[in-house]
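Next, two complexes with subunit A in common: one pairs it with subunit B, the other with subunit C.
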Partner chain A sequence: MGTSALIFYILSAVMILSAIAAVTARRILRAAVYLLFALGGTAAIYFMVDYYFLAAVQLIVYAGGIVVLIIFSILLTTHINEKLELPRWSKISATFSLTAVGFAITTYVLTAQSFTTGTGTFADATVGLIGERMLAYGEGGYVLPFEVISILLLAALVGAIVIAKRNPPAS
Partner chain B sequence: MIDQVPLSHVLSVSSLMFFIGAYGFLTRKNLVTMLIGVELMLNAVNINFVAFDRYLYPSGINGHFFALFIIAIAAAEAAVAIAIFINLYRNIRSIDVEEVDKMKY
Partner chain C sequence: MKALYDFSYLTSAIHEWLSSFLSPNGVLITEMILVGIAFMLFFAVLGLVLVYAERKVSAFFQQRLGPMRVGKWGTAQTIADVIKLLMKEPVINREADRFLFNLAPYIIMIAAFMAMAALPFAKGLQALDFDIGILYVAAVSSLGVIGILLAGWSSNNKYSLIGAMRAGAQIISYELSVALSLLTIVVLTGSLQLSVIVESQADGWWIFKGHIPAMIAFLIFLIASTAETNRGPFDLAEAESELTAGFHTEYSGMKFAFFFLAEFANMFIVSAIGATVFLGGWMPLHIGNWQGFNAIMDYIPPIFWFFGKVSFMIFLMMWFRWTFPRLRIDQLLTLEWKYLLPINLVNILVMAFIGLVGWHF
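Coming up: the complex of A and B.
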């Protein structure tokens, strides 16, 4: 087993364990910190396949933005010492068996499928190439989703402000 | 990593992460922890896109763009969701899903 394979398996073990901890931790703040580890491990996998820009975006937007937002909302809405009550055992076992069956079916299909690995030179995802493709409208250009995303972000910005704004007292 | 780890292992890791997120989404009652489950699921899908792109179509970077757009949508979704949680908490002093029935109209 080569070094990068070893690094990949260690990383995925860390990711999976922290993901499990994020959905089972009884203190919400700890769940958010475990989520941070899972997202950081994903960024490391992006680094391993040479997608440096995507890894940087993952660290900035997920780890820097979304986790901080989640931590803010936890601090605003729950007491810091509060422990979540455990869900009922019937619910836990039903959900666990449902997701386990889903995972088993997915892995069965994955292993039965023979993927033909692509050939050709690896495209170097430099920031220049990403910028050109993002604004190109020919083949392989992504200008339409880019514009749609910009409208979506504007709508989310306005919507978040309007929803979270303190309503004037009803007169 | 590409020539040493088979594609099915990467896909297994991402599908395991997806179903862990689904488990969290279905068992949790606090809205913030449910959001954490949704973020895990979106993240697992991103790993899938990047793995397929790198292993099967190495000369293009289309999966890279899909992952980028999913990250942007996840950010917008988290911002709106947290605004709703804060407004709910201000109105009913709780973000437990079983007590949230005010939004039914």
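Coming up: the complex of A and C.
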């Protein structure tokens, strides 16, 4: 077994274990930390396959952004001694069977697909190339989806401000 | 002697020596371990030197002598401090969340290690040279705030919690300004890769080549990076008089030392990034095509240039800490959101215009 395979198995084990821990932890902040480990493991796998840009984005957006946001809201709302109640067995079994169905479908699709090792040359996913594709409007350009998503984000921001804005005091 | 000017001679010699008696996998694993040990040693030495420097600088600003008893001019003082910290009893609050309490210092240290790995110390002396260099450093340094938040919460102490919330709000706000001021220079370099950014300054440093917008960006970077590392005058996250040291109140012994070490390591990292992007990194002082002058400057090895520039940046940050009074939290957030961020955005536009027209050198 090569070194990269070994590292891959270690990373996968860490990700799977922390993902299970994230949904079974009784303390909410611990669950958030386990989620951080699972997301960090994903970033590490992107680093392993040399897709550095996506790895850094994964770290910035998920680990540095969303997990920090989750931790902030936990810090503001819960006390350290609070423990989550154990859910009822009916809920646990329903969730478990749903997850099992999802797992079965994913496994079936993965095994049914015959993966072939590519022989052609691959485009090097450098930041420069990603930037050029993002702003190109010709063949293989992504400027339209990029702009549409930015409008969606702008709408979400405006909506958040409108919701958070206090009503003027009635005079 | 040649290895002092280009470290790739040294690293390739080590690589060939290891390859002569190990399999490729063995070489890879050995090199990983060697790089890890090198960074750990560097961390330890860095902590010793910077703690001594901080105590001496603060003493001179306050017209004292600082540590003088242990060793010549007190140079062995920090070694004595380390031995004291190692022998202290690790106290854990009974009501604390032990798992998170023990985990928090390591998260901060890991973030500092990962950021440190991407720094170009000298020609050919860089552990990770991604084409996303600056983006990577910004990404991993944003992980450190998680450690601070966890430390404050798991201590089960209201002062720690307030300190952690202040630190979190401060770091998240000022990250924006740090990243945007670096982007102002990236507009001119056209690359995020740190080694390419250094090479692009072979005919002059960006702070001189980029005219006034580069200097504005440098000032914003200095202010914002001081705030991002939670140092004075922005140290209200650990304000001793109000919060009894903030998020690390409950830590003792080596875990306290980890927070302390991480603070100094982060100061080194932001100074090194600033020196690399604005002041040319390990590139000697070159002026355009003055061949004779440039050749004389090349006699000083790159590693001395790098550490000289970083020491200058670190001295500036210590100077800030010991001369300015601490800001209030509302002043701190006003400074970022109402002044630095708008100035920064306009500055990037001006820089993009200069880059398009080609007014920079």
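Side notes on the structure shown:
Note that in this section the second predicted complex is superposed on the first by the 160 of 171 C-alpha atoms of A that agree within 3 Å, B and C clash if a C-alpha of one lies under 4 Å from a C-alpha of the other, contacts with A are read in each partner's own complex, and residues count from 1 in each chain.
Following the convention adopted for this analysis, a residue touches a chain if its C-beta (ideal position, glycine included) is under 8 Å from a C-beta of that chain, and two chains touch if they have at least 3 such contacts.
Since we're looking at a predicted model, the values are computed, not measured.
After superposition onto subunit A, the modelled positions of subunit B and subunit C are compatible, with room for both.
Once the two complexes are laid over each other on the shared chain, residue contacts for A:T116 go to subunit B alone; subunit C is not touched. With both structures placed on the common chain, the touch criterion links A:L157 to subunit B but leaves subunit C unconnected.
Set against each other, subunit B and subunit C touch different numbers of residues in subunit A, with B touching more. Of the two partner chains placed by superposition, only subunit C is touched by A:N81; subunit B is not.
In the superposition on chain A, A:G2 makes contact with both subunit B and subunit C. By the document's definition of touching, of the two partners only subunit C reaches A:Y52; subunit B does not.
By the touch criterion stated above, A:V68 is placed in contact with subunit C alone, subunit B being left untouched. With the two structures overlaid on their shared chain A, subunit B and subunit C come no closer than 14 Å at the level of C-alpha atoms. Residues 2, 53, 57, 65, 72, 74, 76 of subunit A contact both subunit B in one complex and subunit C in the other. Residues of subunit C touching subunit A in their complex: 25, 28-29, 95-97, 99-100, 103, 130-132, 135-136, 138-140, 142-143, 145-146, 149-150, 152-154, 156, 161, 164-165, 168, 172, 190-192. Residue ranges on subunit B touching subunit A, taken from their complex, read 1-2, 4-5, 7-13, 15-17, 19-24, 26-30, 32-33, 35-37, 39-40, 43, 46-47, 50-51, 54-62, 64-65, 67-69, 71-80, 82-87, 89-90, 95. Residue ranges on subunit A touching subunit C, taken from their complex, read 2-3, 27, 29-30, 33, 36, 52-53, 56-57, 59-60, 63-65, 67-68, 71-72, 74-76, 80-81, 126-128. Subunit A contributes residues 1-2, 4-5, 7-9, 12, 15-16, 19-20, 22-24, 28, 31-32, 35, 38-39, 42, 45-46, 48-49, 51, 53-54, 57-58, 61-62, 65-66, 69-70, 72-74, 76-78, 84-85, 87, 91-92, 95-96, 98-100, 102-103, 106-107, 110-111, 113, 115-123, 125, 129-130, 133-134, 140, 142, 145, 149, 152-153, 155-157, 159-161, 163-164, 166 to its touches with subunit B in the complex.
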